[in-house]
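One chain, chain A, appears in both complexes that follow, with chain B as partner in the first and chain C in the second.
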Partner chain A sequence: MAAKSIISRPIYGTLSPQPGKHHLFIADAEGALAITDLAAKAPAGFFGDAHIIFIPGPDGKHVATLEALKPAQFYQGYSFASALPRLKQTLANAHMGLRLYLAGTEGLIGQAMQTALEAGIDHTSMQTEHRGSLARRMQCVHCKGITENVTTQPATCSHCGLLLLVRDHYSRRLAAFQGVCINAEDRSEIPPMEEIFR
Partner chain B sequence: MGITFRKETFRDDFSFKNSPEHIRRFPFPFHEDSYMYAVNIEPHVVGPKGSVLENLIDVDEHYVAEMQDRALVLAEDPLRCQSLPHMTLAGWDLLELLMEQQALGYPEHFTLTREGDHWRWINRPLGIDDTFTFGDVSTLPYGPMEYITRQSQGDFCILDQRDGNLWMDAGMVTTQADWSLDFDIGMNFFEWHAPVPLAHEKGIFIRALKFLTNIQQGKPARRLNWTMTINPRLDTSPENYHKWGPDRTTVTPENVGDKVHLRVELQSFWRLPRSNGIVFPIRCYLIKMDELVTQPKWARRLHRVIRDLPEELATYKGLTRYRPTLVEWLSKLDDGSATSPGFGPD
Partner chain C sequence: MSTGTTKLDVVVSDVVPVNDLVTRFHFRRRDGELLPTFSGGAHVVVEMRDGERTRLNPYSLMGSPLNTSEYTISVRRDDVGRGGSLFMHRSVKPGLEMVISYPVNLFSLDLRAKKHLMLAGGIGITPFMAQTAQLAAEGGNFELHYTCRTASLGTYADTLRERYDRRVRLYHDDRDERIELERVLSSQPLGTHLYVCGPSGMIGWVRDRAAALGWPSETVHFEHFAAPQPGAPFDVTLAVTGKTIRVDEQQSLLEAIEAAGVDPPYLCRGGVCGQCETNVISHDGKFIHNDHWLSEEDHRSGCKIMPCVSRFEGRSLVLER
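Up next, the complex of A and B:
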């Protein structure tokens, strides 16, 4: 975590069962554990109206645990991109009374929230819980390219190659932190790169 | 008597200058010999003749050159002008406001005639004579906000008001002091101000938001903000920071007077009648040190302000590299005598 943070930096909570007709969960990797923790507090039959979209981490863990909750629908995706068409359709067909629960890495929460915002859901109505990696999704303010899974400070833009300060300033619309050239004034200054978003 | 528009540039050879009359009318932002954030908002009412407040929307000798610079920025980076889908009505509100104000203040340069929804707009300095149907976007070459802000000095942010907050949902931003519309669009008042140091802790933004959400139609408000820019560059965007940032390393005791500019933003806040949004024009005025110090009071006061500026503010405003050189240069113009109260020159 960055030592000092600012108001635009997202704050995450703890998932809890909400009153609603349908419950849509989007999670990756250790985000599954936020869902099982919620399940322990949920009323009987809660998952009978639930749809879980889950993207396992590289270790492939937690799939069986989530299936054991017996949600009405369970989908295992290879990546957020592969899950996106399904998520968009689910949101487009949703009715009043749908509740949204996002859990896992910041990149997953951010991109799922971005999709839900585009579908007209207010961000304050979404439940979020951060689990797992602190890796950041970063937009380069110069070339506008998004670099995924940034773990270092500074970080190199994977598009234009500039060395970027990864700020805490965050855009929900872009689902990204802002990256700004760290040595714009004097390119010969190369600050050391530290791995701080793990 | 019309304005004589200067032929000048804000890039490459940087030929921008202020005439002696424009030096005298410069909106010097310091009313005392030190500076700290405050909610320095006051009613935006007409001020003295010959000042930048003579008209509520000021058009000056830099108008044509600024509009040419804006066109260059937009050709390079169209993302500097964006409007979320629900903001079109507010764009029409802004078009009406700017056409009315410019035609009112400068009838020799701008004429607006209206018959119902059929409008004719003549902009003589830019050679524009267009007729269009108010409210019908297909009758203009751009959306209403982009159309009129390509013809109006200053950046413009249109804020939607909902949930007791203001949301940056549209804007034309090409002359900014290092913030990105493309990144901040869609954010609320606290979020887009998040990177500003010290002011959150002082409760500045909570009070400012309360004031702004209560602005009434026909009762605009204003405040001044300031920073410094090396070379008279209007486009000091974060997008191009890697291009203009190196300028900050070029300040020497010999070139301070020509290179270092005080950059003042006259920010005003207007309630829009149809959309209930707020438009927030951010009008940028530049003055080089050589021009500013022709007014001895300003030279003495600026020396004291820059010398005593808290470190966080100096860093946020990007002054760190050249502050010692600037303070040393200004100190020679400060004999230590008292400065008179108020903003204006003696």
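Up next, the complex of A and C:
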């Protein structure tokens, strides 16, 4: 569970079944377990109108568990990027009454939320649940490049190479945490790098 | 005292009968300057000096927000109401100097929406007159469904059809035409926001169906056209100012408090904004809560009342005013 700090740091909840005509789930890795927990509380026939977009982790687990829920549509993607065209297409054709459920890593929740915001869904209307890794998507405020799966503090920008302090300051628009140069005054000062976003 | 609102000195520039029940009033500033900017859905509170009595009634601004040389409101005559609309119909003539509040918007468009779906019932059409004008000027996407009793009482139905053609759907009660609410709500693109203004039964029905069909509450906006209801007179003690007042049959509790020289904050005078929320110190009797602000729990507790629309029946009521 992510700790609360400043106001822009996202806070996630627990998925619960919402009234609606269609239910769209986007999850990665252990996010699958948030869906199965929801399934235990859902009314009969709930998944008959559901569409699950799932990106398994490297271990490929939980696919069979989700398929067993018998959603109307099940899609397995290799990465968020590979699932994105399908997500965009689904949202473009959707009507009001579609409910969105996001579960898994912060990077997945953030990027799916960013796409849904562009499609006109208010962030307060989405159900979210954090499961699995705390690895962050980080934007370097200096070169604007985004580095995926940041687990250390500080972290090196994969674009410009600056050493960045990973802040809790989060942008829904960019779906990324802010990274700010940690040794701007004296580049030779290299603080120790710890793995803290596991 | 209305919270944060300054008064506007205006003159009635035109009075136009629209149909058997509705009359339109035009206001301009007495000093000839432009009126303050407003957005679609805003209302003004009109002060009606009727002999000894002063009534303060809110009315939606129905003109285009792009035109601030005048404000226009449409008033539906209510023969069994408290007399505000009758005063407007009978006594307000061109040239009369009146005082109105600055505009306040408690029913604004959410301009992040990809589309705006508007449902109007009867005189609930007025805020949509301004909102559609605002959206049309910006190339906004909207669809208006308007239910009225008969064609001749379909206030501004012809104007709207002329301006917006097929974006406006009309339903007439006397022809048994009914909006297919389920179909309309189920066929809207993602990112649509819903706006409802009309009788409270209609608002309740639409909100219930929208919630059941999966519309998130953030996307459903509504405005009750709740004028204060008349009722039996009752006495109230104002503990802070040490006054005892009588609320007449045709007066609201808020108006009676104001008539006694006490100025509680207010904004909407229709039971929705929460500004005039008042603590009850003690009571012996029954509250008649008519607001949409307090929770059911607050209503049951007997500790709070919204004096703009709610009343009391019983032996004694002491308020923290």
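Basically, the second predicted complex is superposed on the first by the 194 of 198 C-alpha atoms of A that agree within 3 Å, B and C clash if a C-alpha of one lies under 4 Å from a C-alpha of the other, contacts with A are read in each partner's own complex, and residues count from 1 in each chain.
Here is the rule we use: contacts are C-beta pairs under 8 Å (C-beta built on N, C-alpha and C of every residue); 3 or more make two chains touch, one makes a residue touch a chain.
Nothing here was measured: the structure is a model prediction, and the numbers come from that model.
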With both complexes superposed on chain A, which partner does A:186 reach: first (chain B), second (chain C), both or neither? first
- Task: Applying the touch criterion given at the start, work out whether A:125 contacts chain B, chain C, both or neither, answering first, second, both or neither.
- Result: second
If we overlay the two complexes on their shared chain A, which of chain B and chain C does A:173 touch? Say first, second, both or neither.
first
Item to complete: Figure out whether A:86 sits in contact with chain B (first) or chain C (second), or with both, or with neither.
Response: neither
First, second, both or neither for A:97, with chain B first and chain C second | second
Per the touch rule, the chain A residues reaching chain B in their complex are 6-9, 139, 141-142, 144, 162, 167-169, 171-174, 178, 180-181, 184-187
So, in the complex, the side of chain A touching chain C is made of residues 18-22, 91-92, 94-99, 119-122, 124-125
Residue set of chain C touching chain A in the complex reads 112-114, 185-192, 194, 211-216, 218-219
Residue set of chain B touching chain A in the complex reads 79, 180, 182-187, 190-195, 200, 238-242, 245-246, 248-249, 321
